[in-house]
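If you scroll down you'll find the structure; I have some questions about it.
Chains: A, B, C and D, in written order; residue numbering restarts at 1 for each.
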Amino acid sequence: MSYDILQRLTETIASRKGAAAETSYVAKLFSKGEDAILKKVGEEATEVLLAAKGGDKAHLVYETADLWFHCLVLLEQHDLSINDVLIELARREGVSGITEKMGRKND
Amino acid sequence: MSYDILQRLTETIASRKGAAAETSYVAKLFSKGEDAILKKVGEEATEVLLAAKGGDKAHLVYETADLWFHCLVLLEQHDLSINDVLIELARREGVSGITEKMGRKND
Amino acid sequence: MSYDILQRLTETIASRKGAAAETSYVAKLFSKGEDAILKKVGEEATEVLLAAKGGDKAHLVYETADLWFHCLVLLEQHDLSINDVLIELARREGVSGITEKMGRKND
Amino acid sequence: MSYDILQRLTETIASRKGAAAETSYVAKLFSKGEDAILKKVGEEATEVLLAAKGGDKAHLVYETADLWFHCLVLLEQHDLSINDVLIELARREGVSGITEKMGRKND
(Lines give C-alpha, C1' and ligand atoms only; values in the text may rest on other atoms or scores of the structure.)
Protein backbone atom coordinates (compact mmCIF):
# COMPACT_ATOMS: atom_id res chain seq x y z
CA MET A 1 0.00 0.00 0.00
CA SER A 2 2.73 2.47 0.93
CA TYR A 3 4.18 2.44 -2.53
CA ASP A 4 0.82 3.15 -4.03
CA ILE A 5 -0.13 6.06 -1.83
CA LEU A 6 3.27 7.79 -1.81
CA GLN A 7 3.58 7.30 -5.55
CA ARG A 8 0.08 8.54 -6.24
CA LEU A 9 0.61 11.58 -4.02
CA THR A 10 3.86 12.34 -5.83
CA GLU A 11 2.10 12.17 -9.18
CA THR A 12 -0.77 14.33 -7.99
CA ILE A 13 1.60 16.94 -6.57
CA ALA A 14 3.67 16.96 -9.78
CA SER A 15 0.52 17.54 -11.82
CA ARG A 16 -0.27 20.66 -9.73
CA LYS A 17 3.06 22.29 -10.53
CA GLY A 18 2.41 25.03 -13.02
CA ALA A 19 -1.36 24.70 -12.75
CA ALA A 20 -3.38 27.85 -12.06
CA ALA A 21 -3.13 28.85 -8.40
CA GLU A 22 -6.89 28.78 -7.85
CA THR A 23 -7.29 25.17 -8.98
CA SER A 24 -5.95 23.53 -5.81
CA TYR A 25 -4.15 24.02 -2.51
CA VAL A 26 -0.90 22.64 -3.91
CA ALA A 27 -1.05 24.72 -7.10
CA LYS A 28 -1.53 27.79 -4.90
CA LEU A 29 1.45 26.82 -2.74
CA PHE A 30 3.69 26.37 -5.81
CA SER A 31 2.54 29.72 -7.15
CA LYS A 32 3.59 31.45 -3.92
CA GLY A 33 7.11 30.12 -4.27
CA GLU A 34 9.59 28.17 -2.20
CA ASP A 35 9.47 30.24 0.99
CA ALA A 36 5.74 29.55 1.30
CA ILE A 37 6.44 25.82 1.08
CA LEU A 38 9.28 26.08 3.61
CA LYS A 39 7.08 28.02 6.02
CA LYS A 40 4.61 25.14 5.88
CA VAL A 41 7.41 22.61 6.53
CA GLY A 42 8.51 24.64 9.58
CA GLU A 43 4.94 25.01 10.83
CA GLU A 44 4.15 21.33 10.42
CA ALA A 45 7.36 20.30 12.19
CA THR A 46 6.28 22.50 15.10
CA GLU A 47 2.84 20.86 15.05
CA VAL A 48 4.44 17.40 15.14
CA LEU A 49 6.36 18.40 18.28
CA LEU A 50 3.27 19.78 19.98
CA ALA A 51 1.18 16.75 18.99
CA ALA A 52 3.83 14.40 20.38
CA LYS A 53 3.92 16.31 23.67
CA GLY A 54 0.11 16.35 23.76
CA GLY A 55 0.12 12.56 23.72
CA ASP A 56 -2.85 12.11 21.36
CA LYS A 57 -1.78 9.39 18.92
CA ALA A 58 -4.32 10.28 16.22
CA HIS A 59 -3.17 13.90 16.34
CA LEU A 60 0.47 12.88 16.00
CA VAL A 61 -0.34 10.73 12.96
CA TYR A 62 -2.30 13.61 11.44
CA GLU A 63 0.49 16.15 11.87
CA THR A 64 3.18 13.74 10.69
CA ALA A 65 1.10 13.15 7.54
CA ASP A 66 0.93 16.94 7.06
CA LEU A 67 4.70 17.27 7.49
CA TRP A 68 5.46 14.48 5.01
CA PHE A 69 2.96 15.83 2.53
CA HIS A 70 4.65 19.23 2.53
CA CYS A 71 8.06 17.56 2.23
CA LEU A 72 6.78 15.90 -0.94
CA VAL A 73 5.74 19.33 -2.24
CA LEU A 74 9.19 20.71 -1.37
CA LEU A 75 10.92 17.83 -3.16
CA GLU A 76 8.79 18.43 -6.26
CA GLN A 77 9.66 22.14 -6.12
CA HIS A 78 13.30 21.04 -6.49
CA ASP A 79 12.49 18.50 -9.24
CA LEU A 80 13.08 15.69 -6.75
CA SER A 81 10.70 13.04 -5.46
CA ILE A 82 10.05 10.53 -2.72
CA ASN A 83 12.10 8.02 -4.69
CA ASP A 84 15.26 10.07 -4.18
CA VAL A 85 14.71 10.01 -0.42
CA LEU A 86 13.95 6.28 -0.41
CA ILE A 87 17.08 5.58 -2.45
CA GLU A 88 19.12 7.58 0.09
CA LEU A 89 17.58 5.63 2.98
CA ALA A 90 18.25 2.34 1.17
CA ARG A 91 21.81 3.42 0.40
CA ARG A 92 22.51 4.02 4.07
CA GLU A 93 21.05 0.68 4.97
CA GLY A 94 23.21 -0.94 2.32
CA VAL A 95 26.40 0.62 3.61
CA SER A 96 26.35 -0.92 7.04
CA GLY A 97 22.89 -0.76 8.51
CA ILE A 98 21.05 2.48 8.93
CA THR A 99 21.34 2.74 12.68
CA GLU A 100 25.07 2.25 12.72
CA LYS A 101 25.49 4.73 9.90
CA MET A 102 23.36 7.33 11.67
CA GLY A 103 25.33 6.67 14.81
CA ARG A 104 28.62 7.51 13.17
CA LYS A 105 27.18 10.72 11.83
CA ASN A 106 25.54 11.93 15.00
CA ASP A 107 27.47 10.64 17.95
CA MET B 1 10.88 -0.35 -3.39
CA SER B 2 9.40 2.24 -1.05
CA TYR B 3 7.38 -0.33 0.83
CA ASP B 4 10.42 -2.47 1.36
CA ILE B 5 12.77 0.19 2.65
CA LEU B 6 10.24 2.01 4.85
CA GLN B 7 9.03 -1.31 6.21
CA ARG B 8 12.54 -2.58 6.88
CA LEU B 9 13.51 0.68 8.58
CA THR B 10 10.39 0.48 10.74
CA GLU B 11 11.29 -3.05 11.79
CA THR B 12 14.90 -2.14 12.50
CA ILE B 13 13.86 0.86 14.59
CA ALA B 14 11.30 -1.21 16.51
CA SER B 15 13.99 -3.79 17.30
CA ARG B 16 16.16 -1.05 18.87
CA LYS B 17 13.46 -0.03 21.33
CA GLY B 18 14.46 -1.33 24.71
CA ALA B 19 17.89 -2.45 23.52
CA ALA B 20 20.92 -1.32 25.52
CA ALA B 21 21.77 2.32 24.73
CA GLU B 22 25.32 1.53 23.65
CA THR B 23 24.27 -0.97 20.97
CA SER B 24 23.14 1.58 18.37
CA TYR B 25 22.32 5.21 17.62
CA VAL B 26 18.58 4.52 17.75
CA ALA B 27 18.76 2.54 20.99
CA LYS B 28 20.64 5.45 22.51
CA LEU B 29 18.02 7.92 21.29
CA PHE B 30 15.18 5.83 22.79
CA SER B 31 17.08 5.60 26.07
CA LYS B 32 17.33 9.39 26.28
CA GLY B 33 13.57 9.71 26.00
CA GLU B 34 11.07 11.57 23.88
CA ASP B 35 12.51 15.08 24.17
CA ALA B 36 15.80 13.86 22.66
CA ILE B 37 13.88 12.47 19.69
CA LEU B 38 11.85 15.67 19.33
CA LYS B 39 15.02 17.78 19.44
CA LYS B 40 16.33 15.76 16.50
CA VAL B 41 13.04 16.24 14.59
CA GLY B 42 13.30 20.00 15.17
CA GLU B 43 16.97 20.06 14.19
CA GLU B 44 16.43 18.04 11.03
CA ALA B 45 13.49 20.22 9.98
CA THR B 46 15.81 23.23 10.32
CA GLU B 47 18.42 21.43 8.22
CA VAL B 48 15.84 20.69 5.52
CA LEU B 49 15.03 24.42 5.33
CA LEU B 50 18.69 25.40 5.11
CA ALA B 51 19.43 22.70 2.52
CA ALA B 52 16.49 23.86 0.38
CA LYS B 53 17.70 27.48 0.53
CA GLY B 54 21.23 26.32 -0.27
CA GLY B 55 19.98 24.81 -3.51
CA ASP B 56 22.09 21.63 -3.40
CA LYS B 57 19.71 18.82 -4.41
CA ALA B 58 21.79 16.00 -2.92
CA HIS B 59 21.95 17.88 0.39
CA LEU B 60 18.19 18.40 0.41
CA VAL B 61 17.60 14.68 -0.21
CA TYR B 62 20.05 13.83 2.58
CA GLU B 63 18.40 16.10 5.15
CA THR B 64 14.88 15.03 4.17
CA ALA B 65 15.95 11.41 4.68
CA ASP B 66 17.26 12.39 8.14
CA LEU B 67 13.98 14.13 8.99
CA TRP B 68 11.86 11.18 7.89
CA PHE B 69 14.10 8.72 9.69
CA HIS B 70 13.67 10.59 12.97
CA CYS B 71 9.90 10.82 12.36
CA LEU B 72 9.90 7.00 12.15
CA VAL B 73 11.71 6.87 15.49
CA LEU B 74 9.16 9.29 16.98
CA LEU B 75 6.25 7.19 15.69
CA GLU B 76 7.77 4.05 17.21
CA GLN B 77 8.22 5.90 20.50
CA HIS B 78 4.42 6.34 20.49
CA ASP B 79 3.78 2.73 19.38
CA LEU B 80 2.82 3.99 15.94
CA SER B 81 4.38 3.30 12.57
CA ILE B 82 4.72 4.50 9.01
CA ASN B 83 1.61 2.51 8.16
CA ASP B 84 -0.54 4.76 10.34
CA VAL B 85 0.74 7.80 8.44
CA LEU B 86 0.20 6.14 5.06
CA ILE B 87 -3.33 5.14 6.03
CA GLU B 88 -4.01 8.75 7.02
CA LEU B 89 -2.66 10.00 3.69
CA ALA B 90 -4.73 7.39 1.82
CA ARG B 91 -7.82 8.32 3.82
CA ARG B 92 -7.49 11.94 2.80
CA GLU B 93 -7.09 10.96 -0.81
CA GLY B 94 -10.13 8.75 -0.54
CA VAL B 95 -12.31 11.51 0.86
CA SER B 96 -12.09 13.85 -2.08
CA GLY B 97 -8.54 14.04 -3.34
CA ILE B 98 -5.68 15.06 -1.11
CA THR B 99 -5.07 18.48 -2.56
CA GLU B 100 -8.67 19.56 -2.27
CA LYS B 101 -8.84 18.24 1.27
CA MET B 102 -5.68 20.05 2.26
CA GLY B 103 -7.06 23.16 0.60
CA ARG B 104 -10.14 23.15 2.76
CA LYS B 105 -8.02 22.76 5.85
CA ASN B 106 -5.46 25.40 5.10
CA ASP B 107 -7.10 28.09 3.00
CA MET C 1 15.40 52.92 25.21
CA SER C 2 15.52 49.14 25.29
CA TYR C 3 14.48 49.00 28.90
CA ASP C 4 11.54 51.21 28.20
CA ILE C 5 10.17 49.37 25.20
CA LEU C 6 10.71 45.85 26.55
CA GLN C 7 9.25 46.86 29.88
CA ARG C 8 6.26 48.57 28.31
CA LEU C 9 5.61 45.58 26.06
CA THR C 10 5.81 43.26 29.05
CA GLU C 11 3.27 45.38 30.91
CA THR C 12 0.95 45.57 27.92
CA ILE C 13 1.12 41.81 27.39
CA ALA C 14 0.49 41.14 31.08
CA SER C 15 -2.57 43.37 30.96
CA ARG C 16 -4.03 41.27 28.11
CA LYS C 17 -3.86 38.06 30.12
CA GLY C 18 -7.36 37.20 31.17
CA ALA C 19 -8.92 39.93 29.04
CA ALA C 20 -11.74 38.98 26.68
CA ALA C 21 -10.38 37.24 23.57
CA GLU C 22 -11.98 39.71 21.17
CA THR C 23 -10.30 42.76 22.73
CA SER C 24 -6.84 42.23 21.23
CA TYR C 25 -4.54 39.87 19.36
CA VAL C 26 -2.66 38.96 22.55
CA ALA C 27 -5.82 38.37 24.58
CA LYS C 28 -7.02 36.05 21.80
CA LEU C 29 -3.71 34.19 21.84
CA PHE C 30 -3.86 33.70 25.62
CA SER C 31 -7.43 32.48 25.33
CA LYS C 32 -6.40 29.80 22.82
CA GLY C 33 -3.86 28.40 25.27
CA GLU C 34 -0.19 27.57 25.32
CA ASP C 35 -0.01 25.46 22.17
CA ALA C 36 -1.28 28.40 20.11
CA ILE C 37 1.52 30.57 21.55
CA LEU C 38 4.11 27.86 20.89
CA LYS C 39 2.91 27.45 17.31
CA LYS C 40 3.56 31.15 16.81
CA VAL C 41 7.05 30.85 18.34
CA GLY C 42 7.82 27.98 15.95
CA GLU C 43 6.39 29.86 12.97
CA GLU C 44 8.28 33.04 13.75
CA ALA C 45 11.56 31.14 14.22
CA THR C 46 11.01 29.67 10.75
CA GLU C 47 10.36 33.15 9.39
CA VAL C 48 13.59 34.44 10.97
CA LEU C 49 15.53 31.70 9.16
CA LEU C 50 13.88 32.46 5.83
CA ALA C 51 14.36 36.20 6.26
CA ALA C 52 18.06 35.70 7.06
CA LYS C 53 18.52 33.54 3.96
CA GLY C 54 16.60 36.08 1.90
CA GLY C 55 19.17 38.71 2.83
CA ASP C 56 16.73 41.60 3.32
CA LYS C 57 17.86 43.33 6.52
CA ALA C 58 14.54 45.08 7.20
CA HIS C 59 12.71 41.77 6.84
CA LEU C 60 15.09 40.07 9.26
CA VAL C 61 14.56 42.83 11.84
CA TYR C 62 10.80 42.53 11.38
CA GLU C 63 10.72 38.77 11.88
CA THR C 64 13.13 38.88 14.83
CA ALA C 65 10.82 41.44 16.45
CA ASP C 66 7.89 39.06 15.87
CA LEU C 67 9.82 36.15 17.40
CA TRP C 68 10.83 38.13 20.48
CA PHE C 69 7.32 39.50 20.90
CA HIS C 70 5.86 36.00 20.97
CA CYS C 71 8.59 34.90 23.40
CA LEU C 72 7.41 37.67 25.73
CA VAL C 73 3.86 36.32 25.44
CA LEU C 74 5.13 32.80 26.20
CA LEU C 75 7.04 34.04 29.25
CA GLU C 76 3.93 35.80 30.55
CA GLN C 77 1.92 32.61 29.99
CA HIS C 78 4.32 30.99 32.48
CA ASP C 79 4.22 33.95 34.89
CA LEU C 80 7.74 34.88 33.84
CA SER C 81 9.01 38.04 32.17
CA ILE C 82 11.82 39.55 30.15
CA ASN C 83 13.56 40.37 33.42
CA ASP C 84 14.05 36.68 34.19
CA VAL C 85 15.76 36.22 30.84
CA LEU C 86 17.93 39.29 31.31
CA ILE C 87 18.95 38.13 34.78
CA GLU C 88 19.93 34.75 33.29
CA LEU C 89 21.99 36.47 30.58
CA ALA C 90 23.64 38.70 33.18
CA ARG C 91 24.33 35.72 35.42
CA ARG C 92 26.17 33.94 32.62
CA GLU C 93 28.19 37.03 31.91
CA GLY C 94 29.03 37.29 35.58
CA VAL C 95 30.24 33.71 35.82
CA SER C 96 33.08 34.02 33.36
CA GLY C 97 31.98 35.93 30.32
CA ILE C 98 29.04 34.87 28.25
CA THR C 99 30.96 33.61 25.25
CA GLU C 100 33.20 31.36 27.28
CA LYS C 101 30.23 30.04 29.21
CA MET C 102 28.32 29.28 26.03
CA GLY C 103 31.40 27.65 24.65
CA ARG C 104 31.64 25.20 27.51
CA LYS C 105 28.01 24.30 27.08
CA ASN C 106 28.00 23.83 23.34
CA ASP C 107 31.42 22.72 22.24
CA MET D 1 19.44 46.65 33.79
CA SER D 2 18.09 45.32 30.51
CA TYR D 3 19.74 48.03 28.50
CA ASP D 4 23.07 47.31 30.12
CA ILE D 5 23.10 43.55 29.63
CA LEU D 6 21.69 43.53 26.08
CA GLN D 7 24.04 46.34 25.11
CA ARG D 8 27.07 44.66 26.69
CA LEU D 9 26.22 41.35 25.03
CA THR D 10 25.89 43.11 21.68
CA GLU D 11 29.31 44.69 22.13
CA THR D 12 30.91 41.43 23.21
CA ILE D 13 29.40 39.57 20.24
CA ALA D 14 30.52 42.30 17.83
CA SER D 15 34.06 42.06 19.19
CA ARG D 16 34.12 38.31 18.40
CA LYS D 17 33.32 38.87 14.73
CA GLY D 18 36.50 38.30 12.80
CA ALA D 19 38.40 37.00 15.83
CA ALA D 20 40.22 33.67 15.52
CA ALA D 21 37.75 30.76 15.74
CA GLU D 22 39.54 29.15 18.65
CA THR D 23 39.31 32.22 20.90
CA SER D 24 35.63 31.83 21.83
CA TYR D 25 32.35 30.06 21.15
CA VAL D 26 30.97 33.07 19.26
CA ALA D 27 34.11 33.56 17.16
CA LYS D 28 33.87 29.89 16.21
CA LEU D 29 30.22 30.27 15.27
CA PHE D 30 30.97 33.29 13.06
CA SER D 31 33.82 31.39 11.42
CA LYS D 32 31.47 28.54 10.48
CA GLY D 33 29.19 30.96 8.67
CA GLU D 34 25.53 31.88 8.65
CA ASP D 35 24.02 28.41 8.34
CA ALA D 36 25.74 27.35 11.57
CA ILE D 37 24.16 30.34 13.33
CA LEU D 38 20.75 29.58 11.82
CA LYS D 39 20.98 25.94 12.88
CA LYS D 40 21.50 27.15 16.44
CA VAL D 41 18.49 29.49 16.18
CA GLY D 42 16.36 26.58 14.96
CA GLU D 43 17.67 24.27 17.66
CA GLU D 44 17.13 26.78 20.44
CA ALA D 45 13.59 27.53 19.25
CA THR D 46 12.89 23.78 19.48
CA GLU D 47 14.37 23.74 22.99
CA VAL D 48 12.14 26.66 24.02
CA LEU D 49 9.07 24.68 22.89
CA LEU D 50 10.16 21.55 24.74
CA ALA D 51 11.03 23.52 27.88
CA ALA D 52 7.63 25.23 27.83
CA LYS D 53 5.85 21.88 27.49
CA GLY D 54 8.04 20.45 30.25
CA GLY D 55 6.73 23.10 32.62
CA ASP D 56 10.03 23.84 34.39
CA LYS D 57 10.21 27.64 34.63
CA ALA D 58 13.97 27.81 35.15
CA HIS D 59 14.50 25.63 32.09
CA LEU D 60 12.24 27.84 29.98
CA VAL D 61 14.15 30.95 31.07
CA TYR D 62 17.44 29.22 30.25
CA GLU D 63 16.38 28.17 26.75
CA THR D 64 14.80 31.54 25.98
CA ALA D 65 18.10 33.19 26.97
CA ASP D 66 19.90 30.80 24.59
CA LEU D 67 17.48 31.64 21.76
CA TRP D 68 17.83 35.39 22.25
CA PHE D 69 21.60 35.13 22.53
CA HIS D 70 21.82 33.36 19.17
CA CYS D 71 19.43 35.92 17.65
CA LEU D 72 21.91 38.61 18.73
CA VAL D 73 24.68 36.67 16.97
CA LEU D 74 22.51 36.40 13.84
CA LEU D 75 21.76 40.12 13.88
CA GLU D 76 25.48 40.91 14.17
CA GLN D 77 26.18 38.54 11.26
CA HIS D 78 23.92 40.85 9.20
CA ASP D 79 25.48 44.03 10.63
CA LEU D 80 22.33 44.63 12.63
CA SER D 81 21.85 44.84 16.38
CA ILE D 82 19.35 44.61 19.21
CA ASN D 83 18.68 48.32 18.73
CA ASP D 84 17.18 47.70 15.30
CA VAL D 85 14.75 45.19 16.81
CA LEU D 86 13.86 47.49 19.68
CA ILE D 87 13.26 50.37 17.28
CA GLU D 88 10.93 48.10 15.26
CA LEU D 89 9.04 47.10 18.41
CA ALA D 90 8.78 50.75 19.48
CA ARG D 91 7.62 51.75 16.00
CA ARG D 92 4.77 49.25 16.16
CA GLU D 93 3.78 50.51 19.56
CA GLY D 94 3.84 54.06 18.24
CA VAL D 95 1.54 53.26 15.34
CA SER D 96 -1.43 52.18 17.36
CA GLY D 97 -0.33 49.92 20.16
CA ILE D 98 1.61 46.75 19.58
CA THR D 99 -1.19 44.32 20.27
CA GLU D 100 -3.61 45.96 17.89
CA LYS D 101 -0.93 46.17 15.20
CA MET D 102 -0.04 42.50 15.61
CA GLY D 103 -3.73 41.68 15.54
CA ARG D 104 -4.20 43.29 12.15
CA LYS D 105 -1.25 41.41 10.78
CA ASN D 106 -2.11 38.00 12.13
CA ASP D 107 -5.87 37.74 12.42
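The criterion applied here is as follows: a contact is a pair of C-beta atoms (placed from the backbone, for glycine too) under 8 Å apart; a residue touches a chain by one contact, two chains touch by 3 or more.
Because the structure is a prediction, the values reported are computed rather than measured.
Peer 1: Using residue numbers, check each pair in A-D, C-D or A-C against A-B and return the one sharing over half of the contact pairs.
Peer 2: Duplicate interface of A-B: C-D.
Peer 1: Would you say B-D or B-C is joined by more C-beta pairs in contact?
Peer 2: Counting C-beta pairs in contact, B-D comes out ahead.
Peer 1: Can you check how far apart chain B and chain D are, centre to centre, with Cα atoms defining each centre and the answer in Å?
Peer 2: 29
Peer 1: Calculate how many whole Å lie between the centre of chain C and the centre of chain D, each centre taken as the average of the chain's C-alpha atoms.
Peer 2: Taking the mean C-alpha position of each chain, the two centres sit 9 Å apart.
Peer 1: Among all residues of chain A, which ones touch two or more of the remaining chains?
Peer 2: Those would be 38, 41-42, 45-46, 49-50, 53.
Peer 1: Which residues, counting only chain D, touch chain C once they are in their complex?
Peer 2: Residues 1-3, 5-9, 12-13, 16, 24-28, 34, 38, 40-42, 45, 48-49, 52-53, 57, 60-62, 64-65, 67-69, 71, 74-75, 77-80, 82-90, 92-93, 97-100, 102-104, 106-107.
Peer 1: Enumerate the contact residues on chain D facing chain B in the complex.
Peer 2: Residues 35, 38-39, 41-43, 45-47, 49-50, 54 of chain D touch chain B in their complex.
Peer 1: Considering only the defined contacts, which chain D positions touch chain A in the complex?
Peer 2: 46, 49-50, 53
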